[in-house]
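Each of the next two complexes has subunit A plus one other chain: subunit B in the first, subunit C in the second.
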Partner chain A sequence: MELGPIWRSLSKNKAGFLLIALQIAVTMAIMINAVAIMQERARDMGRPSGLDEPNIFALSSTAFVPGMNMRALIDEDLELIRRTPGVIDAIATNSFPLRQGGSSRGFQTEPGTGKDDVGAAVYFTDEHAIETFGLMLVEGSNFAPNEVTWTEEGSDAWAGTVIVSRAFAEALFPDEEGSYVGKTMYVDQAKPVQITGVVETLQAPWKGWDGVERAMLVPQRRDFNFQRYVVRTEPGMRDVVMPQVEEALAQSNRNRIIQSMRTMDEVRYMAYLGDSAMIKMLAFIVTLLLVITGLGIVGLASFNVSRRTRQIGIRRALGATKTQVVRYFQVENFLVSALGIGVGAVLAVALNMLMVNAFSMAPMAWYIVPIAMVVLWSVGQAAVIGPARRASRISPAIATRSG
Partner chain B sequence: MLRYYLKLGMLSIRANPALSALMVAAIGIGIGACMTIMTIQHVMSGNPIPGKSDSLYYVQIDSWDPNNEYNGPNELPEQLTYLDATGIDAAAGDEFRVVWSYKSSRILQPGDGADLPFEVRTRATSFRFFSMFALPFRYGASWDAAADRNREQVVVLSSALNERLFGGGNPVGESVTMNGDVYRVVGVLEPWLPVPKFYDVTNNPYEEPEEAYLPVTVAVAAEHDSAGNTNCWKPFPGGYEAFLNSECIWFQMWAELPTAADKSRFEQLLAAYVEEQKTLGRFPREMHNELSDVMEWMQDNEVVDDDVSVLLGLAFLFLVVCLLNTIGLLLAKVMRRTKDISLRRALGASKQTLFAQYVVEAGLIGIGGGVLGIALTWLGLRGIENLFAGYDFVERLVTMDWVMVLLAVGLAVVSALAAALYPTWRAANVTPASQLRIQ
Partner chain C sequence: MLKMTKVSKIYRTDTVETHALREFSLEVQEGEFVSVTGPSGSGKTTFLNIAGLLEELTSGTYELDGRDISALSDRERSKVRNEKIGFIFQSFNLIPELNIFDNVDVPLRYRGFAAPDRRKRIENSLEMVGLASRMEHYPAQLSGGQQQRVAIARALAGEPRFLLADEPTGNLDTEMATNVLDLLDEINGNGTTIIMVTHELTLADRAKRNIFVRDGRVSDGPPEFRLAAAGGQG
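Now for the complex of A and B:
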């Protein structure tokens, strides 16, 4: 190995090589942290809501004439929607997963004030919810129609039974091993509520909440002027059914307006718009960064080649092969990169700790570091190969010229 | 002399077009990335009401659950209950200018039936809202104190809503029907778009202001639901009356306190109010009141998204990489020209002369990078506008003003000069004739 000459040449242009090493280090720190953020966002975006999203849409109805019989209107609306060909089922609910707005309550295992509670999103709806959302009931049973009651605006009445997400049951009863069905908990510090069913997954409406997996269905219908309808259609029928339902509802009663009609795909898109944009921006930054660092390496290597033209010529004249010349530049780059990557790993971890503290991010996965090392080494080697080839083509005859 | 250096600089830049282009590109891209994010941060953290931001204070009191802090240690509830909004307002009387409000919505029924009913976003507030936040009127004026007191059904329309309903004409005195109730139009605003929407940041701080304003006394009497955040900690019996008397928070309150003396008197008023309520069995937590001026309140509420701060940090590091790159390339350039330099030194050029010459050259590269940076910033902002096309408020965040353009050029030149320092110093220190021996 020609480590000796490489070392001597490195120490002759210390500043130049240190700059490249530093550049590689900072690039690595940015890259690793950007990838850590991208990973976190992608993981969030990949969480299932529990719903049969491709076949669901939602819309709202706002009645504006005082004194309307809301219970009758809601029943008629749901009847009309469920009768529409292609519709599997429909519900009225106060909210749904990914909507970013809704209600939550605290639940505790014993009654009384000052007890610890676990928060969960509450969906006030009826026995059609499991079918409409497309939820997987893993324990217990669906609501019976006579379990579902009406509540008036402002009423504090609470249902005696609920169907909860498994994550909620696990959070409230962490030590329970067997069945959650039949368990009693308390809402508003005093009112007993019994779990009669558990669904595999049902998200809360807020994607940024750390309790997003905790939600429940409450068999209470609310006769407010504002209603949100969720409709599930047979596969492939959603886009056909949507305008029909909108038109039919709009025609059926003129004393309300139908608005906010959106597919679940659109709701999901809007919920995660910031995250997907962040992923794209970071990917763009990382790519650009690698290109710039690569170009910097190309620039420095070209400069070194032209500065050492004579020296390379002499080596060639003394019997060095073309491959050896190429290898020389590759090893040189490898060593400089190693320095940069070593410093970069430390910088990256420090920056990550800073961001975890400042922005409550999850710490990065350890394996990003070795992957980033390999990527940066490869970029360095790819960048140096052009100038190194050019160096290898320097004619041995150049050694005979002076200056 | 400067002209000579400029000429030399241009020559040198042209002598190495690839290397020079690489340097300009590196600075330009670094500046572009930084300025794109800085522009957004600049708009997000802008002062929405420059003349009055120091004299308007957001009012917070700790009415929350004795067992649980509102949102973590030392966090106060960000809104007020109905009891406290009305209670503090009554205590303030005419001595202080106090405004409280909440966000709601109504269904507007256009009169002639030609247009279908549609939803309008409303703000229920008192007559002082308009003068306190300096809302510009196109027609008419705010309602008065008597209208608030007597629950008069009056409304102030936004410019856009007036355009839609009355074609932009003067509708003062006309009536508007919302949810079956008839309101008399007393005023129309000029277009008004504070960014952020500082008077209510508990909801989306970048949404447009409401389209119609009506007396809060009317809205509460007619049980208009809040369309903003409502948080409760204490169970309450059913019914709207019980809701009004509950510990649920849904109002935002501001006080206009022009002097430090006013502020301290208002603080005393708040303390006295809370003491009085404690004797009535409310406010179970230790007394903690806070007044935050507009910019403090914007910061408390983190109206600048965390993602923007993260991106800004990464963009600056990115600029650092670009500068390291430029330093390396400039250094390479200087090293390649050591022969030139030592010849010039031998012929009598002083260190200062060479230093000045290379600084001018770096400055040229900096200006080039700045101009490219502005173009890239513009492109970057368009890209972000595209990425966030689903948010209707994004266009308000991606506008570049002159401050940002000048900042971009300034930052580019300063960065280029900073990058040039070391290579230039190396150039100036080449010993005369040291490189001439071989010849």
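Now for the complex of A and C:
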């Protein structure tokens, strides 16, 4: 291949080629980092909440008549829901994963002030929670019915036992290698709480929190006027059961309003709406940049074909085949791309390090770089093929006819 | 070695048909030095382009080395140009972006010679035209005569059997022109067949055989006739 002369001829026409190389470099840096962000978002979106999401929905009940017996109403409601055909189980809880609102507490391994603590989301609920959420209990046991107590609004009483997510247990007891069951921790700096069960996965309600995998079930029911019910149905029954439950609850007691009826699928969709929009926007930008870079390459190659019309005719006269003319432009583009891609790879890594530091992003996967190289090289080759074919059709007679 | 029989070339544009060659017949033997003269527009360049496989003919037959050229594919035509034919053009046609060495190298690379072989050929041919010391220069740094000598070196480096020159001295002053002609004589003396188109009868007369083209036809006439005809044309 005539790499040498192509390179030397390139360096005699630097300006245009350097600009295109720069464009390729910038495209590459932006593309790689956009893809890294997209990957991170997609990874977040793919994290399991721990719940049997396809078969779960949630709703709220707000009692508006003062002095109602909330404890009786909640029991009646749950009884009614659980009796509905197609329902597996139901609970009242203050929140649930992906809801983006809820409560959390700090837990420490020793009592006292000024100690390090580990935060976790707390779900105040009962012994039906594991079944309703569809959680996988990997250690210990579920709450016994008599472990579950009622708390009043404003009370700061804490349950003596909890079931925690494995991620929380690992964060609080990083050195523990055996069982977490039976371990004691402290809430509100002083109140001892014992771990009686560990579930594989249970996310906190906030998908953007870096402790999103840390959460726990607390066997305390709250008799507030506002209640959030979570219902799990048999597979495929959710959409049939939802209107029935809504109707039945509305009928059973008219002194409250049933609201916020949502499937977990909707809840997840809403939680990650920003992320999926971000992914779409970045995909659009990357595509646009690739198209613009491709067009830039087409433009420069076309310009060069015109500028070199005579020289191409001479080469043909001296024995170049059409294929060799096409090859010339391909090799030239390959060299310019190589320069752009080389610089682009360095820029991309630098930009990524900057973003990792500034936005505490995870560093990009190494393999994005070679993939981006191949993509840009392909775009370059695809862009140059049209002008190169045109060049190959230049008649060798140009050599004797013009000038 | 070259045999054209009733070759016609018609250029067609939207409205005009130009008969550049009309039943043009010519035979050139190995080792000949043929000059081609004729009035402007008579078809000299057209003949040379067809002879050099730069253009296709409209009708008739053309055999080069006993091979019918009209049957060849574009790829095969490129190969024949590359291996058998050397071109020298009026406007030198060096590639401005490449230095002298790389310019002479162009046809050798298409030929697929190995690097050491190419280097030897480039050095030898530049030596022959007296420009071995200018290999690193670019065409723009050389005089017209020097550029034409580089073009001759490029044409000869692949040792073609056949050298085609279209007004090789057209852009040169008399001294440089004589210089180039001396070089062509030397090349012909080494056995290379040469066909040279020229306007200048003094140069044409240095060839062993003179061809006169008029209205796309050949006439192997006497010089007086040619002089009169050329003078009559302009």
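Convention: the second predicted complex is superposed on the first by the 398 of 403 C-alpha atoms of A that agree within 3 Å, B and C clash if a C-alpha of one lies under 4 Å from a C-alpha of the other, contacts with A are read in each partner's own complex, and residues count from 1 in each chain.
As a convention for this text, a contact is a pair of C-beta atoms (placed from the backbone, for glycine too) under 8 Å apart; a residue touches a chain by one contact, two chains touch by 3 or more.
Here the structure is a predicted model, which is why all the values come from computation and not from measurement.
Q: Once both complexes are superposed via subunit A, do subunit B and subunit C end up clashing or fitting?
A: In the arrangement built by aligning on subunit A, the partners subunit C and subunit B fit side by side.
Q: Does subunit B (first) or subunit C (second) touch A:Ala397, or do both, or does neither?
A: second
Q: After superposition on the shared chain, which partner residues are touched by A:Asn13: those of subunit B (first), subunit C (second), both, or neither?
A: Both partners, subunit B and subunit C.
Q: Once the shared chain is lined up, is A:Met281 touching subunit B (first), subunit C (second), both, or neither of them?
A: First partner only.
Q: Touching A:Ser306 in the superposition: subunit B (first), subunit C (second), both, neither?
A: First partner only.
Q: Examine A:Ala320 and indicate which partner it touches, taking first as subunit B and second as subunit C; both and neither are also allowed.
A: The second partner, subunit C, only.
Q: Based on the superposed arrangement, let me know which partner A:Asn33 touches: subunit B (first), subunit C (second), both, or neither?
A: In the superposition, A:Asn33 contacts subunit B only.
Q: On subunit A, which partner's contacts cover more residues, subunit B's or subunit C's?
A: Answer, by number of touched residues of subunit A: B.
Q: Contact-wise, after the overlay, does A:Ile257 reach subunit B, subunit C, both or neither (first, second, both, neither)?
A: first
Q: Minimum C-alpha distance between subunit B and subunit C after superposition, to be given in whole Å.
A: The answer for the closest subunit B-subunit C C-alpha pair is 9 Å.
Q: Please write out, lowest number first, the residues of subunit A touched by both subunit B and subunit C across the two complexes.
A: In subunit A, residues 13, 403 are touched by subunit B and also by subunit C.
Q: Using the touch definition from the top, list the residues of subunit C that touch subunit A in their complex.
A: It comes out as residues 45, 48-49, 52, 54-55, 74-75, 78-79, 81-83, 87, 89-91, 93, 95-99, 102, 105-107, 109-111, 154, 166.
Q: So in the complex, which bits of subunit A are touching subunit B?
A: That would be residues 13, 15-16, 19-20, 22-23, 26-27, 29-30, 33-34, 37, 62, 64-66, 113-114, 152-157, 188-190, 226, 257, 259, 269-270, 273-274, 276-278, 280-282, 284-285, 288-289, 292-293, 295-296, 299-300, 303, 306-307, 355, 358-359, 402-403 of subunit A.
Q: For a test of understanding, state which residues of subunit A touch subunit C in their complex under the given definition.
A: Against subunit C, subunit A makes touches at 2, 4-5, 8-9, 12-13, 310-311, 314-324, 395-397, 399-401, 403.
Q: Provide the residue numbers of subunit B that touch subunit A in the complex, in ascending order.
A: By the definition above, subunit B touches subunit A via 19, 22, 26, 29, 33, 66-67, 106-107, 109, 116-119, 178-180, 225, 235-240, 242-243, 305-307, 309-311, 314-315, 317-318, 320-322, 324-325, 327-329, 331-332, 335-336, 383-384, 387-388, 390-391, 422, 426, 438-439.
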